[in-house]
Amino acid sequence: MPEITLIEGLRQAMDEELARDERVFIVGEDVGPRGGVFRATQGLFEKYGAGRVIDSPLAELSIVGVGIGAALYGMRPICEIQFADFIYPALNQIINEAAKICYRSAGEWTVPMVIRAPYGGGIGGGLYHSQSVETLFCHVPGLKVVIPSTPYDAKGLLKSAVRDPNPVLVFEPKKGYRLIKGEVPEGEGELVPLGQARITRQGSDLSVIAYGMMHYYCLQAAEAVARDGIEVEVVDLRTLKPLDKQAILSSIKKTGKVLIVHEDNLTGGFGAEIAAILADEAFTDLDAPIRRLAGPDVPAVPYSHPLQSWFMPDAEKIAAAMRDLAAY
Amino acid sequence: MATTVEEHSTSLRKDDLIEMYWTMLLARRLDERAWVLHRQGRIAFHISGIGHEAAQVGAAFALRRGVDWVVPYYRDLAMILSLGLTPREFALSIMGKKGDPSSGGRQMPSHWSLRRANVVSHSAPVATQTTHAVGIALGIKMTGDDAVAITSIGEGSTAQGEWYEGVNWAAIHHLPVIFLVENNMYAISVRQEQQMAVRHVADKAAGLGLPGVSVDGMDILKVHEAVSEAASRARAGEGPTLVEAKVYRLTPHSSDDDDRSYRSREEVAEWRARDPLDRFAAQLLDQRHLAPEAVAEMDARARQEVDEAIQFAESALYPEVSEGAYPVYAEDIPHA
Amino acid sequence: MPEITLIEGLRQAMDEELARDERVFIVGEDVGPRGGVFRATQGLFEKYGAGRVIDSPLAELSIVGVGIGAALYGMRPICEIQFADFIYPALNQIINEAAKICYRSAGEWTVPMVIRAPYGGGIGGGLYHSQSVETLFCHVPGLKVVIPSTPYDAKGLLKSAVRDPNPVLVFEPKKGYRLIKGEVPEGEGELVPLGQARITRQGSDLSVIAYGMMHYYCLQAAEAVARDGIEVEVVDLRTLKPLDKQAILSSIKKTGKVLIVHEDNLTGGFGAEIAAILADEAFTDLDAPIRRLAGPDVPAVPYSHPLQSWFMPDAEKIAAAMRDLAAY
Amino acid sequence: MATTVEEHSTSLRKDDLIEMYWTMLLARRLDERAWVLHRQGRIAFHISGIGHEAAQVGAAFALRRGVDWVVPYYRDLAMILSLGLTPREFALSIMGKKGDPSSGGRQMPSHWSLRRANVVSHSAPVATQTTHAVGIALGIKMTGDDAVAITSIGEGSTAQGEWYEGVNWAAIHHLPVIFLVENNMYAISVRQEQQMAVRHVADKAAGLGLPGVSVDGMDILKVHEAVSEAASRARAGEGPTLVEAKVYRLTPHSSDDDDRSYRSREEVAEWRARDPLDRFAAQLLDQRHLAPEAVAEMDARARQEVDEAIQFAESALYPEVSEGAYPVYAEDIPHA
């Protein structure tokens, strides 16, 4: 199997879905001849034409709102938000509309659509090109939220998202776009089902729960602490909503200790929900406090290099937190 | 002056005219009854379309009903009746009963959806529907289907960026969509002059690069003509049109409102004298499309249909409590 | 001391602040001659004029965006969002702008503004006139979030919010606007400082943490279970952000059991953060799982009366959860 | 044809003209150096104003600097230099060093703020600044202060509902604010025709109820004149104006962009021949406001200032890690 990058996995997924189903189309800023500012849609405009790879006006709420309308009509839009930081103008459309249409119409109408957005820090993007925004959406019934951390999952999850009959947000760890490589079968790729976490490393001393770029660092950190004899079990959530609660509960049953890692701000981040579930449903399995390692509570990742490093959780900080918890 | 039926250029037959009048009348009687039910404490909320009926029915009859797509707003009772909503269904919805076709009792009344008639579910946050209509029109264009989308909105809500973005997109891509603005001069208490610095909503079209027309929305034939023209343009691939219908809301904003704090009784009385229902009746009588007895008979029939619908809904069941939990996702629909 | 309603407390606060500081002004939909759709600003237009009580265009993002600009210029805007459900169009302004301006300018610019919005269900408002939206904002560094549950706090907290040099969101339990009455000193009222919770009932068996309308029901429920000999300590958060962590930790130290109640959806709600803090920092004090009682995970409160009752937590459901936890 | 200095109606003195030229020149040399530093791997990011300098300096010199309020966007290096930013400060900002006056290294370069000059902090999400300028203008009107607000934006960003809402509000309330649109025909790769269905951004003004003018933004005097007039109107209580300056971005969108995928080299070359810096130099030479030697001397001086600034910034310190944690709230500012 050939090794490809995470972003190439995404590109292949879109290419294959465009070829498979003529209702599928892409819409967003600079997705056409430019191929997207990260080149995720490179070549697709040339292959499928301006009718199916549409350069939108510079206006996120209408990218999503028009996508919803098209989905109501029976199309399968893939909406690109250029950076997750720019998704806020579309929140009314996502939260008040896309998420609620199925319920509010008693199932008469559904919104099969995908919203893709690069997210996360560590790339010198400063406050507005580094944000993690997944938490907001994980709180909203009616949405699904997917964050891949490998090329294989990126391709397989995005394909599943396109075929899903609900609004699905796919947040892509942009720092990993070219950094993370992995094997992906050639040709018509495999689907990765939404809603299933994956244990990417077995261990008995403590469980680490992560997703996206942080999952990548958690694996590195787990290797590092293994040298000190600490065996960490690593859970890659892959889909945050719906959450694979069973996978988490079983891991904690086994290890009794848990560290949750995300780069989004600590307070009220997605780690809080995981911790809350465990503090209720795994209460008797826990033999240490539930620990979270997350971005600090400042408005976003600062630009200047030393400040960015201060903000971002990385393999070293994660390893330190693992050691600390293992010693509890 | 009101358009005479003869002057009116489109091909409305006598039957159409009578059906249009009937629909306005039925909407009016249902709407009035809802106000009574609210005062009696038998329903919790009502938002009214009284004064807007000519604009709504005129627009609806310019569509190929069941073919074209409609993304309405909360004042559009008369429009949705034109498209096939039954009085019983309306009655179920105002009581939050099972069988309400818009939402099975989940949404407030007058938040329409009628799948069988291509009436798309809309919400309360104003102007979100605009981009949906544009997306539908995009879908129509992509599939090459022979349909047109129309979406309605109040003049105040055109202050929302959402509205601007939708209209802009449609103008750029020449999409088959009609933007109908029911301009009743008020957004709850706030007058048009506080919502925009142009005289007519139709003036906004110039800045967006699409045609805009402003018509007397109390004149059903004028509205019918303007929307028919817009629909022809859309079908001919000539893109979107903005149609402004100048109307007046003859009631408070909703059953929660008291309009005395923001407009004079004289102003309301003045507009009441221009009631679009009376006006259309006068036109039809004048042109001898209807005899006075027929008008009276239709009114009696409308009242009876309303009585029957309300009775039906009052004895209907509420949704079961277990229904509250779904369908959050499309996967839950089989259970619904 | 005279008894007044919660909404009258809010009205008095605005009246007094308008009188005190000429930089203060009110802006929102129908706040002028109409006095607000709930009448929170009744009489203020007549008293302070169209220059200081401004009927805005029907456009929430500009209510907030223009408010931010005015605050940058040195004014003290009180922005009213007619229903919390309609705050989403303004999220880009609140999250990307108001919350981040102080940090991003290294403190050169600040945004002293208040955003008020009625929130919550139980009033037959259906999906779009019943929402609880506090959670989104509690996750955003740079914002403060206040939810009063008594007339005294409503007045004192809103006055403090107006004087606070930061963007403060005040969410008002609309079901309690006229239902909740209480004593408030006449004349120039007292300030209630932001960031302090209040123990509104002492108890030793378990702690209940709530805010807004749910706090009101928690007190009723606590009375009910007291008849069965269960002594509940009730914590009214009053300010959700910054959170009064100390108050919560001390209460749990005392009782060892905790129930968190909110009407917002369960998953990812503000209760998750409280649970996460306790599961880490009060781990050794806990002698039962951390329980949450919240709105179910459907898109919002449905309209039809039986469905609304199904959705809303109330005194009865809370009492049942208290009994259940006490029996653990 | 370019305006001659004589034709130009406003009262620019020779000194002003030379200062304007100097500012354009300094902006150009700093901007060019930033591109070089980026290629050398010495800075991580640059977003360029090359091609926009006439529009920006022309606009800035129409303001009472330090009195009027400015809410710029990321391409406005030449404008902010006109308002008092020093080359050293710019150099600090592109390197993310301590002392960057916009953000102390927190924001990406070219996200301006200069409190001492009434330049308000802005962000990356486009169009959010529009309503801020309107709010500032509201504050000016409320306090009766003698000031004007100006905000700039790209033509693509006027597709945002945020822009529409801001302009609409200002038009309704006759606020003293100028909306400057720097129309360079592209939003990254997307051409104007995909952003709007009108020919000129200024055409949008008609739909919003305020005056709109479109000028050749490569002609500094034309821009100066248009903005001066808009400022006079604002000060006279006559409300806002939309000024469109037609320019061209002579570089890729940013150091992350490669513009070859979306525009031809011929097109860029054609516009390069109309470089606003060369054009203004030619005007000044032509009108004998400057001698050729003076132009050369100024250029040498600009290059030297740039060298010096870069050197200064390279040896400056980074922010301390402890600074990352504040100021999240105004209470934290004393520590800053």
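Going by the order they are written in, the chains are A, B, C and D; count residues from 1 in each one.
What we mean here is this: a contact is a pair of C-beta atoms (placed from the backbone, for glycine too) under 8 Å apart; a residue touches a chain by one contact, two chains touch by 3 or more.
Owing to the predicted nature of the structure, the values given are computational and were not obtained by experimental measurement.
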C-D or A-D - the one linked by more C-beta pairs in contact: C-D
Most distant chain from chain C by Cα centroid: D
Centre-to-centre distance between chain D and chain B (centres being mean Cα positions), rounded to whole Å: 46
Where chain A and chain D are represented by their mean Cα positions, the distance between them in whole Å: 36
Chain A-chain B separation of Cα centroids, rounded to whole Å: 41
Shared-contact residues (touching 2 or more other chains) in chain B: 103, 106-107, 111, 123, 125, 159-162, 165, 168, 172, 194-196, 326, 328
Set of chain C residues in contact with two or more other chains: 56-57, 59, 61-62, 85, 88-89, 92, 96, 100, 103-104, 127-128, 141-142, 297-299
Chain A partner contacts - residues on chain D that touch it in the complex: 44-45, 96-97, 103, 105-109, 111, 123-126, 156-157, 159-162, 187-190, 194-196, 256-257, 261-262, 318-321, 323-326, 328
Footprint of chain A on chain B - complex, ascending: 69, 71, 101-104, 106-107, 111, 113, 115, 120-121, 123, 125, 128, 130-140, 142-143, 161-162, 165-166, 168-169, 172, 326-333, 336
Complex interface listing, chain A residues touching chain D: 29-30, 32-35, 37, 55-59, 61-62, 85-86, 88-89, 124-129, 296-299, 302-307, 309-311
Chain D to chain B touching residues, read off their complex: 159-165, 168, 171-172, 193-198, 203-210
Residues of chain A touching chain B in the complex: 25, 51-52, 56-57, 59, 61-62, 64-75, 77, 92-93, 96-97, 100-110, 112, 141-142, 144, 165-166
